[in-house]
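Shared chain: chain A. Partners: chain B in the first complex, chain C in the second.
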Partner chain A sequence: MSLQPASTEIAARTAAVISEMKGLEGPLLPILHGVQEEFGYVPQEALLVIADALNLSRAEVHGVATFYHDYRKQPAGRHVLKLCQAEACQSMGSDAIAAKVKQALGVGFHETAKDNSVTLEPVYCLGLCACAPSAMLDGQVIGRLDDEAIDEIVAEVRR
Partner chain B sequence: MNIKADFPTLIEETDYGTPESRAEKQVTLTVDGRSITVPEGTSIMRAAMEGGVEIPKLCATDMLDSFGSCRVCLVEIEGRGGTPASCTTPVGEGMVVHTQTDRLDAIRRGVMELYVSDHPTGWNEKAGTGASEFDAVAKSVGLAENRYGVEGRNHVHENGVAPGHGSLAVDYIARDETNPYFSYDPAQCIVCSRCVRACEEVQGTFALTIEGRGFESRMVAGMHEDFIASECVSCGACVQACPTDALREKTVLEKGLPERSAVTTCAYCGVGCSFKAEVKDDEVVRMMPYKDGKANHGHSCVKGRFAYGYATHKDRILSPMIREKITDPWREVSWEEAIAHTASEFRRIQYQYGRGAVGGITSSRCTNEETYLVQKLVRQGFLNNNVDTCARVCHSPTGYGLGQTYGTSAGTQDFDSVEFTDVALIIGANPASAHPVFASRLKKRLRQGAKLIVIDPRRTEMVKSAHIEAAYHLPLKPGTNVAVLTSLAHVIVTEGLFDEAFIRERCDWAEFQDWASFVALPENSPEAISKLTGVDPELVRGAARLYAKGGNGAIYYGLGVTEHSQGSTTVMAIANLAMATGNIGRPGVGVNPLRGQNNVQGSCDMGSFPHELPGYRHISGEAVRDIYESLWGVKLDNEPGLRIPNMLDAAVDGSFKGIYIQGEDILQSDPDTKHVAGGLAAMECVVVHDLFLNETANYAHVFLPGSTFLEKDGTFTNAERRINMVRKVLEPKARYADWEATQELARAIGLDWNYTHPSEIMDEIAKTTPSFAGVSFELLDRVGSVQWPCNEKAPLGTPIMHVDGFVRGKGKFIRTEYVATDERTGPRYPLLLTTGRILSQYNVGAQTRRTENSMWHSEDRLEIHPHDAENRGVRDGDWVRLASRSGETTLRALITDRVSPGVVYTTFHHPDTQANVITTDFSDWATNCPEYKVTAVQVAPSNGPTEWQKDYNEQARQSRRIKGHLEAAE
Partner chain C sequence: MSATIYIPGDSGALALGAEKVAKAAAKELAERGIAAKIVRNGSRGAYFLEPMIEVETADGRRAYGPVKAADVKGLFDAGFLTGGQHRLALGDPEDIPFFAKQTRLTFARCGITDPVSLEDYEAHGGLDGLRKAVAMAPLDIVKQVTESGLRGRGGAGFPTGIKWKTVLDTAADRKYIVCNADEGDSATFADRMIMEGDPFVLIEGMTIAGIATGATKGFVYIRSEYPHAVAAMNKAVEVARKAGVLGATVLGSPNAFDIEIRVGAGAYVCGEETSLLNSLEGKRGVVRAKPPLPAIQGLFGKPTVINNVISLASVPIIMDKGAAFYKDFGMGRSRGTIPIQIAGNVKHGGLFEIAFGLSLGEIVDEIGGGTRSGRPVKAVQVGGPLGAYFPRELFDTPFDYEEFAKRDGLIGHAGITVFDDTADMLKMARFAMEFCAIESCGKCTPCRIGSTRGMEVIDRLAAGIEPEKSLALVTDLCNTMKFGSLCALGGFTPYPVMSAITHFPEDFKPAPARVAAE
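And now, the complex of A and B:
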C-alpha cells in the first residue's frame, strides 16, 4: 500500500499548484495535470480545492476529471503500461498480446500489481497503426509487439 | 361550483425545442410545404413548430440552448448535403426543409433502436410512467424492432428482472431515492444532458454533471454523490427537463399522471411564480412551473415546486373551535356557532370598552380580495381604522421611503428588467435563499457578464458560488446601512459621477444640491465611516464607481434594509443613489424591493395599514373617504387607527380587547415575543383564522380554519406589482375559502355583504382605486397578469415606472443622516445578532416545516465565526445559549467564516428556537418596522433548552388540546 498524504496536506499542495496556473486561460486542465504530477494521481480532496479556487461546482470538476482516463483516481504503480486495443492493433493480434501480458504480469486492465510494480491499461490508438500492435511504457511508445518485446517489458517492470 | 367543469383538461404547453430569437429581421422558409416566417436566428426546429410541424427531439427543449446530441431531430434541406440537426441549424431565407422523408425515417428509427438497446423500453418493461417524451418519440418514429438485443450495460434492473439475465449488468447503478420529492433511475437515462444543462443554464447551481465518457457516461449529482448530499437545491428544473422517466416526481410515479390542471400562483415568496397545479382524483399530484408565467418563465424553487404537502397535512384544523379561556381545551363547534360567538363578542367588547377596542390584522399570505375584505370589515363593520398587516414587520419602510422620494410605494421594475442590467447592487438580501427564482435569473445575467456588488454583513451565496463572484462585497457591521450608502453617495458626488442631465430634468435641482452638499461632508467619506461600518474605504470607492459608471445599475434589496431603526432612511438613501446616477425609468435599472411574502405587495396595496385606504390614499383625505362612505353607507373614522405594536400596548393597558387575525402568526413573527404574548393574553377575544394551530393560536379564544391557495380563487400581487391569478383546484377542506369566512363574520355583525365570487370583490377594488381601475378577472384571464397601475392610461399595466417622470412629479432627494441604533454592543453583550432565511424553509415555517423540506433544515442554527467560537469554547454543533437584553434562548452552533468576527446569524423558521425572544422592541422611526436585524447578544456554551423554552413548550402543548381528540404526538 502506498501511503496517501493527509487531506490538509493535499489541500495545501493543490493550492500551490493552482496559484501557479490560475492565470492561464482555461486553467482547469493544466491544474489537473499539475495535481497529477504532484501526487501521481488526482485526489478527491484536490478536486474540492480546485472547484473552490476556480469558482466551479464540484460536479463540474468531477465531470472533467472523470472524462479523461489519464487523470487517475488512485496512484499508479511504479510503471504504467498501456496496450493499444484499437482497430488496427486488434487486426494485428493485440487481443492475444494483451492476454499474454496479463498472464505474465498477473494483472488485468485497470489494475495495479500487488507489488505496485506496474499498472496495466488499455489505450485506444497511439497513432502507431503502421507499427501495430503497439504499446506505451512510461510514456515511451513501443511498436511491433511480439513475444520477445513482451519479455523485455516484463523484465523492465520487474526490475 | 363544479371545479371539474372549470378546468376539465390538462394544460399542455408547446415545447418549441429551442429558445426564442429576439432578432428583428424576419426570415421566411418552407417546411414540409408550409411557408413560415420567423425572426432571424431561430432554429429550424423552432420555426417548424411555430408553423405547426413537430420534429421529433430528445435533447432539445425551449428552456435550454440547443445542444445537438440526440440525433433524432435531423432534417433534409434542399441544396445542402447530409441531414443536419434541426435544433442547431438556424433558418435561412428561402430555405426548403423536409422533416419527413424515407431517409430521415430510417435514420431516426436506427437512432432510437440504439437508444432502446440500452434502455428499459428496449424490453418493453414499463419502468417509468410509460408516457415520457422518450416513449412518445419511440412511437412517433415507428420503432418496431430491436436488433441489438436487450443485454445493455446499464439498463438491467437488479437480479434477473431483464429477460435472460441473472445478475446485475456491468454498469448498473441503483436508483437514487434520497431526494424526498423525485427519484433518479440511471437505468432510464439516455445522457441527453438536459438535466445538467437545466441545472446550469436555468437554475445556475451546476450541481449535476456527466461523469466519464463514451459508454460509461452517466449523469451524476455532485461528485457521484446521493442527490441529497450533493449541491442540488431541489429546484426541480432537471426533473422538468428530463425526456425519460430517469428523473421523475415521486408523486407522479406513485399516484399516476395528472388528469386536469389550472394555472395558479405560488403562495410562498414575493417572486410570485406561475404554476400549473396538476390534479388527479381531487389531489394535487404535481406543481409544474408555467412557461408563460411572467415572473418565473417556467422555473421554480423547492418550495413552490414541491413543498405543497402542508395543504393536506394532518395538523390542519378543519373545524371551527372556541373556548372561554385560553387555559381551556378547544371545543369543536359549527361554523354558525363560531361566527355568531365571534360577532357577539366583538359587539360586547365595543359596547363595553368603546369602538376602538377591537381591530384586525390582514395577511400577506391571503389574496388581495381577502385582504380587502378584512380591512373593509374593520372600517365598515368595526367603524375604526385598527387594521394592520404583517408588512408592518417587513417592508413598511419601503412603502414610506419610496413614497416620499418617488411617489409610489413599490418597486420600479419588472423582473424581466434584470436581463438588461449591467451592475446589480444587492443590499440586505439573500435572493439565493429567499427569492430563489429571481436569484436564478440574476445569476444568469451575471454569467453573461453583468457585475455584482453585495452589501451584507454575511458572505452570502451571491457573494461567491459556482460561476458567481461579486466584484465588491462590503461586509458592513449590522446597523450601519445608512452610513455605507451615504458614503457611496459621497464618492458619487465628490468624484463627479452623478448624472447631471437626468437630475436637472427629473428631480428638484435645489434639493439635489442640498443633498449633495450633505453627502459631500468629510464625515460621510468612506474613510471617515469605516470606523463605524468596518468596511474598507477602497471597497466603498470601487463599488460607488462601478454602480455609477458601469452601465445600467439596478438595486435589489430586502429586509436587511428595512428591519432597522433607520429602515426608512436606508430606503431613501437607496432611492437617492438611483436618482443621482440616473438609474430610474428604463429597463435594467431601478429600485427593487424583494418582497418576502407572496402577497405582501398586495396586502399593502389593499389598504391594510391603519392610515391608508386601498391604493395608499391617506384616511384623512375627505375625497377618498367619500368614495367608500357612499359605497359602504357608513361614516368612516378619519383618524388613523392602531398599528400592531400599538394594539398590543393598548391591550396591556386594558383599552384594546378583541382582534381578528387572518393568516398571520404574530407571536412568532413579531419582535419581542414576551411583549406580544403579554398583549394577547390581556385580550378577551382573540380570533385566529389560519390553517394550523399556530403559535398565536395559543392565546386565541376562537379558531377559524383557513383555506390554502389551492382552495380558492383570487389574486396575489408580487414584488414587481404584478397581479397574478390564483385559481381554485380543490374544494375548501374546511368548507369556506377565507374570503367566505370573513363575509360570514361581516354578515353576523350586521353588514350586508353578498359577494358570490372573488371577481366581484376585485370589481369593487377596481371601482374605488384608481391604480386598479382597469383590473378585472376577465382581463387577467385574457392576458395572464398585469402590473399596476392598470387603468385608462395603461390598460395592460405598467412594467416599468417613472419612465417619463416621477409619479410625484420631481424626484425628491432627502438627506440621510446616520443615527446609530440604540441597540449597542457592550461588555455583557459583545456580539451583534442578525437574522435571515434559508432556501428550504419559508418564514415562520408553518408551511415548510410540514413538508419534507425539513430534510434540508430541521432546526435553526447559530452561525458564529471560528474566532468568536474558540474564545467561548464553542465547537461546531454544540448547544449554545444566546442571550440579549430582552431574553435568551438556546440553539446549536454552526461554525463558519460566512459571518465576520463579532457578528452571529440565525434563521427564525422554527418555533422551538424563538429567535424573537431575543430581538428587541426598537423599531424604524417612521413606520415602527421592528429592528430584527440588529441585536446585541452574548453566546455561551449550554446544556439545552432554557426555562423559557421549556415553559413555552408546555404552555403551547396545553393550549393546543382539543376536547375529544387525543393529544397530538408532535
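And now, the complex of A and C:
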C-alpha cells in the first residue's frame, strides 16, 4: 500500500490551493509553498494541475519547482532537522557537530532515516550567527549547540 | 499599576531558551497570584546576555540576563519585579556598556517596544517621519533622502535617493516598492532583528518610499529560513491596515499604499535584486542582465524601488529628524549609522549600531571582546560569504565603504565573523567556492562552472599536486569570475578566496610542508 495520495486526490487538493492563491500577483511560488504545506512535498501530479491553471507549460513549472532548495520531490521524515553549515557556525565547530549528529542519527545530509523518523539537511544561515552553532528542528530554533543539545535533539526525533 | 515583564520573542533569544523562560514566568505569576503583563519584545541585540529579560520599575527598566528557565523562580524570590538584587541583575539596560556605546537610530526601538503594538510604536516616535512625508511633495522627500547620504545597506552601497529619483522620474501606470529581506549572508541578522523587533519601522519606510516615487504597492520578500520574521511582518501589516497606516488613504492623505509579505524558497541567489524580482514574479531565481535597471523596468516590467530592509528602515528617522541630522554621523562618503553584526567565535556577539568609522580592531577586540573560545583571533570575514578575510595586520581599517574597498574587501551588509587560530583558511577558501557552486543560478559561465573548477583546483592544492601551478590557476580563475560574472555571487566569491590566499599563505602550502610546520 502506498502512503502517498492517489493522483485524482492530489489534483483536487492542488486545485483548492490554487483557487486560494490565483489572484495574487506572481502566484507560482505561493502556490508551490501551499502545495508543499498541503502534502509535505510537491507531487509531480500537482505540477500539471498548476501549469494548466496558470497557463504555463509543465516544463516551466517543473523548472521553478526544481530551482528552489525548499521544494521537496518526496515527503520528508516525521521530523526535519536543519543544521547550519555557514561560516559563522563553522567558526564555532559546526563541522564536528554535523559529524556527531550524522553518526547519532545514522543519516547523512539530504537523507531520511530508514524508520522515517527524521530528514537531515544542511542550511546556510538561520540568522543566529551570534549564537552559533545553530539548528532548526521542525521550525524551532536552537542556538549554541553542544553535546547536551545534540542528545536532546536525538531523543526528540526518536520519540 | 500592574508590572510589565519583557521577555524577547526574537528568534536569537528563542534559540537560547526564551520560550521556556516565558512559560516559567507565566507559571510563577499564576502561582503567586501576581497580575503582570508579559510583553514579547524584540532583542536589543546583545546575544551574550540573551535571554535578557527586563522589568518596568518606578526607576525605569531593569535588566536580568542571561536567564535560564531554572532561574525564574529565584528571580521572583529576589523581588525582581521591583528591581531586586540577583546574581543575574544587569541594572539599567541603557547603562550596559554594550548598549551605552551605541548610537541607535535605525534600531532605536528594537528590543524596547512591543513589536506589534502600534500605540507603543507611536509612543516611541514612530510614524513621525511618515506624518511629515505625507505633507511633502514627492521630489522633496527624494531630495531629503539623497541629502542624508543614505547608501544601500544590503551591501552594494548605492545611494538610495538616486534610485528613488529614477523611479520618480519614470512614468508608468503602476510602480512597486520591493523590500529585499532575503538576508542570506552568514554573520548577518540585522534584517531579521528589525522585522521581528520593530516591524512597523520597515512598513513606515516602505510607505514613505511609495509616496516619494508614486508607487502604490510594496512587497517584502523574506527568506523562508526566517519564519518568526514572516509572522511578525504579517501581523504588523494587518495592524497597520486596520489603523489606516496602509490602505487607500495613508494616514488620511490621498496617497494609497499597501504591502504584501512574500516568502522565499531557500535560494541564496535571490538576495541579488534581479533574481529576487524574477522569484517574486514566479520564475526561477535567475539573475537578469542590467540594463534595464529595475528602477526603470523592474517587477513585472514596471519601475521598481528595490532596497534592503535596513535602508528602508533608516528612512523614517531621516524624514523625522532631517537629512543633516543623519548625515552628521559617519565619515567620508559613508554617512549615518551602520548596524554592525558581530558573530561567530566571539565573546560579545550581537548587533552594534554606530556611526561609520570605527576600526575593525575596535569592533573585534573591544566591543566583541575577542574570541569565545579564548584563543587568539586569526581572521575575520567581513561582509558575509562573499566578503574578504582580514588578518590582524589590517585591523586598523576603518568601517567605511571606500576604506574597505581600498584593502580589497567590502563591508557588505556589515556582518563580521570571527575565527580563532584553529581555522584552516584553505578549507574556508574551498568552502567559498563550494557555496558558490551550490547556490549559483547557472546563468553565467564564470560562476556556474568556475566555482566547481575552483573547488577542484583548491583540492589539488590541498593534496600538494603541482602547488605553484594550482595557485596560479586559482588566481587566474578568480580573475575571470570577478570580471566575467553577471552578479555579485560569482563576482565576489573571489574576495574570500583571494584574501585567504594573500593573507594566510602558510595555510596554502603543500600538505607535507603543512604537516612539517605543525
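Definition applied: the second predicted complex is superposed on the first by the 157 of 159 C-alpha atoms of A that agree within 3 Å, B and C clash if a C-alpha of one lies under 4 Å from a C-alpha of the other, contacts with A are read in each partner's own complex, and residues count from 1 in each chain.
The working rule: contacts are C-beta pairs under 8 Å (C-beta built on N, C-alpha and C of every residue); 3 or more make two chains touch, one makes a residue touch a chain.
Being a predicted model, the structure only gives us computed values, none of them experimental.
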Chain B versus chain C as contact partner of A:P30, first or second or both or neither: second
First (chain B), second (chain C), both or neither touched by A:Q44: first
Partner with the higher number of touched chain A residues, chain C or chain B: C
Which of chain B and chain C A:F67 touches, first, second, both or neither: both
Common interface residues of chain A - those touching chain B in one complex and chain C in the other: 63, 67-69
Contacting residues of chain A [partner chain C, same complex]: 24-30, 32-33, 54, 63-64, 67-71, 86-92, 123-132, 134, 136, 139-144
Touching residues on chain A, where the partner in the complex is chain B: 44, 47, 51, 55-63, 66-69
Chain C residues touching chain A - in the complex, by the definition given at the top: 11-12, 14-16, 47-48, 50, 183-189, 191-192, 217, 224-228, 260, 262-268, 279-286, 300, 341-346, 349-351, 372, 381, 384-385, 415, 417-420, 423, 428, 431, 435, 438-439, 441
Sites on chain B touched by chain A in the complex: 205-213, 220-224, 230-231, 464-469
